[in-house]
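The two complexes that follow have subunit A in common; it is paired with subunit B in the first and with subunit C in the second.
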Partner chain A sequence: MKRWLLVAMAALLPFTAFALTGEEVMKKSQAAFLYPGKDFKARVVMKLIARDGQERVREMTMLRKNMGEAGGEQKYFMYFFQPADVKDMTFMTYKYPAKDDDRWLFIPAINMVKRIAAQDKRSSFVGSDFTYEDVSGRDIEDDGHAIEREEKLAGTDCFVVKSTPRAADADFGHKLTWVGKESFLPLKEEQYDRKGVPYKLFTAEETRQVKGFPTVVRRVMKNLQTGHRTEVSYLRADYDLGIEDSLFSERFLRQAPRKWVD
Partner chain B sequence: MTKFSLVEFSIRRPRWVLALVGLLTLLFLTQFPKIRIDTNPKHMLPETSDVRMWNDEVDKTFALYEDTIVVGVANDRGVLNRDTLGRIARITEAIVALRGVASRDVNSFTTITNVTAGDGMLKVGPLMPVAPKSDVEVDALGKALFDNPLFIDRIIAKDGRTTAIYVPLEQGANGAEIADRIRAIVAKEEGPERYYIAGDPVARDTFGAEMFKLMAIFSPIAGGIMFAAIQFMFRNLALSAAMMGVSMVAIMWSMGLLIGLGFPVHIMSSMAPVFLMAIATDSIHIFNEFYFRYRKHGDKLAAIRATMAAVSRPVRFTALATAAGFAVLLFMNIIPVKVFGGLIAFGTVVLRLLSFSFIPAVLTFLREDKLVGKAEDASLDRTARLLGGLGAFGAKRPALVVAVIMALLAISIWGTTRIHVNNNLVAWFKDGSEIRVADTAMNQALGGTSLGYVVVDAGKAEFMKRPEAMRWIEGLQRQIEALPVVGKTFSVVDYVKRINRVLHDDEARFDVVPETADTIGQYLFLFSMSAKPADLDNVIDPGFAKANLWVQMKTWDADAMRQVHAAVQSYHKANPLPVTAKPAGIAYFNLVWNEEVLGDLVFGFSLALVVVFVILALDFRSFKWALVAYVPLLFTILFIYGVVGFAGKDFDMPLSVMSTLSLGMAVDFAIHFVSRFRQRRAEVSRGETPLASLAWTAARPGKGIVRNAVLFAAAFSVMMAAPLTPYVAVGAFIVSMMLISALLTLLLLPALVMLFRRWLLDEPRGDTQ
Partner chain C sequence: MRRLASGLCGMALGVLSGGVAGPVAADVTLGGFLQQNTAFNAAGANPDGRNHKWLEERAQIKLDGTTGAWRLMAKGDVAHDHLGRGSRSELREGYVDYTESGWDVRAGRQVLTWGVGDLVFVNDVWPKDYEALFAGRPLEYLKRGTDAVKLGIYPAFASFELVLAPSFRASRVPDARRFHLFDPMPGLVDRRTVEPDQGEAGLRIYRDMAGYDVALYLYRGFQRTPSMRPDRMTAPTRMTLFHPKLAGYGASASGRAGAGVVSLELAYYDSRQDRSGTDFTVPNSQTRFLAGYQWQPWEEGSLGLQYYVEYMHDHGAYRAVLPAGMPVAKRRADTFTVRATQLFLHQTLRLSLYAAHNAGNRDRFVNPELRYAISDRVWVAVGANVFGGRRTGQFGQLARDDNVYLQTRLEF
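And then the complex of A and B:
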């Protein structure tokens, strides 16, 4: 009877009683957002939409493989379908914690694989409103994180975490992230520039369970200063497909295997 | 005749009139706090004008900023050393943090995108992410700079002594304010470097600030000079005060109306107070005549009535001519000119109303004891005698006078053929001014501070990726760069060639446009993967149907863009391609505006000529007399244009507008002269020879004319001390116009009247009544 009462009391305790720190929330969020499964594949459609409504499309297959724990090394392989004149172009990234990424690009028109320096993480990903960091994440240690408040976002309980870069090399001055308490996915992110003016707004538009992993399958990044926005849809998202390590090589950059890229 | 009843009413109820005028003035004064200043030259043409709509479209298509400040950093021993580079890095960081600065698109050593290759790796990123810490790094930077043609003349001078930081401004940011902050930032740095702050927004907003100063300082000074001159002429404080009062009231009513209607005060309308003050001097004829009449009548009220009866017609018609001269501006295309025309026309009408109400009312308050002994007699007055002599000389030696003046006229007409139409915003500042110095230094060292675009549009998506389109643009760049006024061009082709070369181990033979559209597409995609979005957006549209070619010019002359436009057209003709190539940007705007000014001028000038002639003909009810009275005006203008042509002064916006309005003002003296001469002939009947009548006219109303001219010239001479050249030019123009037309009226008119006296004086309304 006494034990039963204890269990009941424990169940009634609010979640926050476990008192996560801002950093812990962001770590869990990183794991849930960028590291689920052993590997991942999706057909990604990006719409780059100008203020006047003019649209450009980027379409690619994105493959990801985790080389270790969440927060550790990852490899990315991208094969472009659109725009039409870049079909067969491939792009590969080895992502390391606390170190610059290695990037390679295959340029089919001149049949050349070129390593690309990744000196600026702020630069835009294929001309979209996402930076490379927005796509593959920032090192948790690069920012200070603090839980500002907890609130509901469209009916979902969230932590609101304020992240402030420790160095001046980030694209933003600070950002606020709404992290779902249950899924730990970032549902909304407000980036402010270094003058404190709202800069970019990220919203997770649709989340779906894929093989048990909650996955953001539609997201939007809007540049509030230019009015330009990028809408991203993940089609046929899937996890744990057994992607071989050998895929992430110069050989397959030149000749992307059908099996993985269609 | 309502005018006379108005005069009568004013004499009988002077206090009422003064109170009413005071009340109305207060009413107009309540509008003053709403004042808005507008110095943006773009607003000279309406928002719906083709050039503004086109420029807005180009800005949108290529994500361009309307305004960019250029900060020059110069070091005689070269900027490529650790100290200077450290300063450049610090300054850039501080500028990027300023509000109103489009931070992400600031281009400086630390932020500009560079494409290089080394160790088998392609690098696309900021040229100098951090300031070099060793001399080896400095050398590497120097190599990167001089190896990349995109940078030379843009952010590094060929001699390595000057660099530039390009600071684009967000919509609506105040250029002068940001320029001041930048000055404060660079002032913190010690060292041998010199800093220059240049660019269109700085010039424009500084001009706006100076305008304020001129309005606030020069108008009162002009007023003060006029007051002193009137006081010297009449030695009666009440009278001088009345005269100033009239002009002040007219200024307050007109400016109050302008502000109340919601119009911003632009460069033209900021000159309005001085203009109105000068036009108000026309009432000097009333005082002039009153002093002569008072001596004759000895009765103040009778003198007022007689004066008003004598001068009412010329005063009414000169006001009409002046108002009409300004009103023709309402038919022009340039908004501030239109507003100015309406403003002065309104002010002139107010002045005329006041001449028949406020002035007679004030005259009733003059103390008779102060007037006695001051009233004038033409026969005793030295000035009047001198003027009478001048008129008599013209009348006695008409052939000589006309011959000399015709000779001068011929020379002037030759001079007018050398007039050069041009507008240059930076030239509106004086030689030694900070803006001129900065602009000159930057234009000497780098590609140029004046920016224009050439938009190449195929109307078909993906077209610009074709090698033939790329090569066409490349050829066009070479053609434009051959012009001496052009310092630098750049386009999407420069990026493509750069990437091609860098991907091929920096071999010079790959510094060309690649062979296939796919290659170009892939290069640009690769570039977009690493560069700042603006890098590509600024030179090509997202659909690759349009390319934007940047043209940096070394001068703000409107003519520079005309040369670029001509080069584009001749290139297009010689190298057909299914595209359109249209100029755009602020430099193009200045060109269009310049041409509109010229078109407007020709139209306005012809209109004013006709209108003034019609008014003359109406006034004199005689075609012949109108023709004669027309002569001093026409000759005055030709003389001045001749001088403008010989002096090599650019014929710009302020001057062209002046010439149009000057018609309405310059004709005043002839109206007074001819009206009073014919009145005199009617009064004295056959008792006087035409020669004697001419001498009388030159002496008595002539004194009024000279007083008017001197006052007018005195008011405007103040503008010649202004720190801005348009004000100086306008001041000089008006001063010479007043003096020359007064002289021609008093000398040439008598000569003409004598030469054509049979033709003129034999008419029924002449001396036979």
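And then the complex of A and C:
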């Protein structure tokens, strides 16, 4: 009897470990990708590369602070170094789950802080192939998620999750995400347009441990339909720096503190 | 943009930080641009016979240095104008910042912008350059620096910005040699400008309230654009341009509403020099109100609508003393504006249109613009300024000053 019980438990064990739903995988993935640490800072270099090879560079310091649990409210602060015509521009987002963000832009040329509309989360971030949602996350509830299969991606065990938008307003029809079983980082994402044609391809090119958090420090988003791609490098990525709440304010939008934006 | 970390610059800044001898770690950046700016007349010659509103080459050098709690920022321009003004230099901004955790101070020439309007100024009492706006210059030239000390104090319940300017700086109005300005007494050539001999002060208090950015504004100073007063009404011999005393009290709020951002702004302009409204050369006390809404109707596109009203408080008194033959201002002036912007080619190409229409005197201003960043260092913009309305209106007087402009800038 005892033996049977053990066998039954043994049979159940892998099942329970395996019993993550697509939604749970994506939640864990979001937590690992966009929420590690209490706060985060990186110098971000974005290369926008056209099909003909012409390159444009967007360079900024990105600061992020979690205001609660993973999946909850976050604040973002960005300071632009490049290109020259946006030097000293700052951009701030209060990101809320399940409602539109608040966004502010500081335009140094006229010394004005402007609140800007933010309902279109699928629009391009600074002209790159990444959308605002790719940078700061898409609400898990906006899509239905199902584990399609499990497979190795370059030697790493992954869940392959199919996500389909619940509303018809997204620019993609569905997407497949390869989520590492150990790190829960998204290692690859294939987006398909609403006709099912391959649309965008995201790849995590390099992952590094930073203060114990696996961090994607190089990533690429390629638009397969236009041939345009964006390569992003995180330089000097770091966590748990003690970024104050007060940083995310009009005062510091107007006068970005050197301490944080080097 | 070249980034330097030099002991020499560190020493220069070290002197600012209390006379520290020897090199101090400083972070200094140098940048700037070269620019060509041409505005071709599209509706006839200038009053001086020329055919351009603007024709200029310009270079700007920008120095930005930080060491510890100190920062030095200076932007200087040299320009050559081909329409008779010759070569000039100008300090656009030049200030020193000192920052502590709960307060900071900025001293020197600085650009100040108050309020939430888009080319509509309710509480933005600070100096502007309307000539730049109408002659097709880049937007940053709309603002002139103020020579002031600005003190910021940031207790938890609100933020305070106190501005003290020891001397007054006027807004620049379009040059009568280049623009067809309405002049009630064109024959009067003996004119002189009297600048206020006092300074001015402003206080802005702001905080978040239930997700809205809320601000209060107080100002004590002078009307930024001059009023004209003849020495006598019959057979005048001299015209005096002066800046009447003004106090302003206002508030603004902006925040998310529905799918976009709503902006509201209100101000009361207390015409301190003529509270009874019986001096027709001094603007009446006035209430200004602005309501705006901005949203993104589609990808890479944005739309902004504004309704703006100015209300004269002593219109009866003004009408009673206004000499015959002078243009009559309406008690209430309603203006509607629209701004549409669309980005293309990974946000390197921007098409925008701004239009303002005053329902009372049919004053109108339209500014379409196409701006393209050829590379990360070079951008060009081509646009037009189109004016219309009654001869005495702000824009109507410029009906013969329509222009097409070209801006080219190389950043370094």
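Throughout what follows, the second predicted complex is superposed on the first by the 244 of 262 C-alpha atoms of A that agree within 3 Å, B and C clash if a C-alpha of one lies under 4 Å from a C-alpha of the other, contacts with A are read in each partner's own complex, and residues count from 1 in each chain.
Throughout what follows, a contact is a pair of C-beta atoms (placed from the backbone, for glycine too) under 8 Å apart; a residue touches a chain by one contact, two chains touch by 3 or more.
In this text, all values refer to a predicted model and were calculated from it rather than measured experimentally.
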Side-by-side fit of subunit B and subunit C on subunit A, or clash: clash
Which superposed partner A:Pro214 touches (first subunit B, second subunit C, both, neither): neither
Which of subunit B and subunit C A:Pro165 touches, first, second, both or neither: neither
First, second, both or neither for A:Ile116, with subunit B first and subunit C second: both
Which of subunit B and subunit C A:Asp193 touches, first, second, both or neither: first
Contacts of A:Met89 with subunit B and subunit C, given as first, second, both or neither: first
Touched partner set for A:Pro97, first subunit B, second subunit C, both or neither: neither
Touched partner set for A:Asp52, first subunit B, second subunit C, both or neither: first
First, second, both or neither for A:Glu250, with subunit B first and subunit C second: second
Touched partner set for A:Val126, first subunit B, second subunit C, both or neither: both
Listed stretches 113-121, 185-193 or 203-211 of subunit C, narrowed to the one that overlaps subunit B: 113-121
Touching both subunit B and subunit C, residues of subunit A: 48, 50, 56, 83, 85, 109-110, 112, 114-117, 119-120, 123-124, 126-127, 228
In the complex with subunit A, residue positions of subunit C that touch it: 1, 27, 31, 33, 64, 66, 71, 97, 99, 104, 110-113, 116, 138-140, 142-143, 152, 154, 159, 206, 211, 213, 254-256, 259-261, 263, 294-296, 298-300, 302, 343, 346-348, 373, 375-377, 379, 409, 411-412
Subunit B to subunit A touching residues, read off their complex: 60, 63, 96-97, 99, 103, 120-126, 129, 462, 465, 503, 514, 516-519, 521-523, 525-526, 528-533, 536, 542-543
Footprint of subunit C on subunit A - complex, ascending: 48, 50, 56-57, 81-85, 87-88, 100, 102, 109-112, 114-120, 122-124, 126-128, 171, 228, 246, 249-251, 255, 257-258, 262
Touching residues on subunit A, where the partner in the complex is subunit B: 48, 50-52, 54, 56, 80, 83, 85-86, 89, 91, 105, 107-110, 112, 114-117, 119-120, 123-127, 193-195, 226, 228
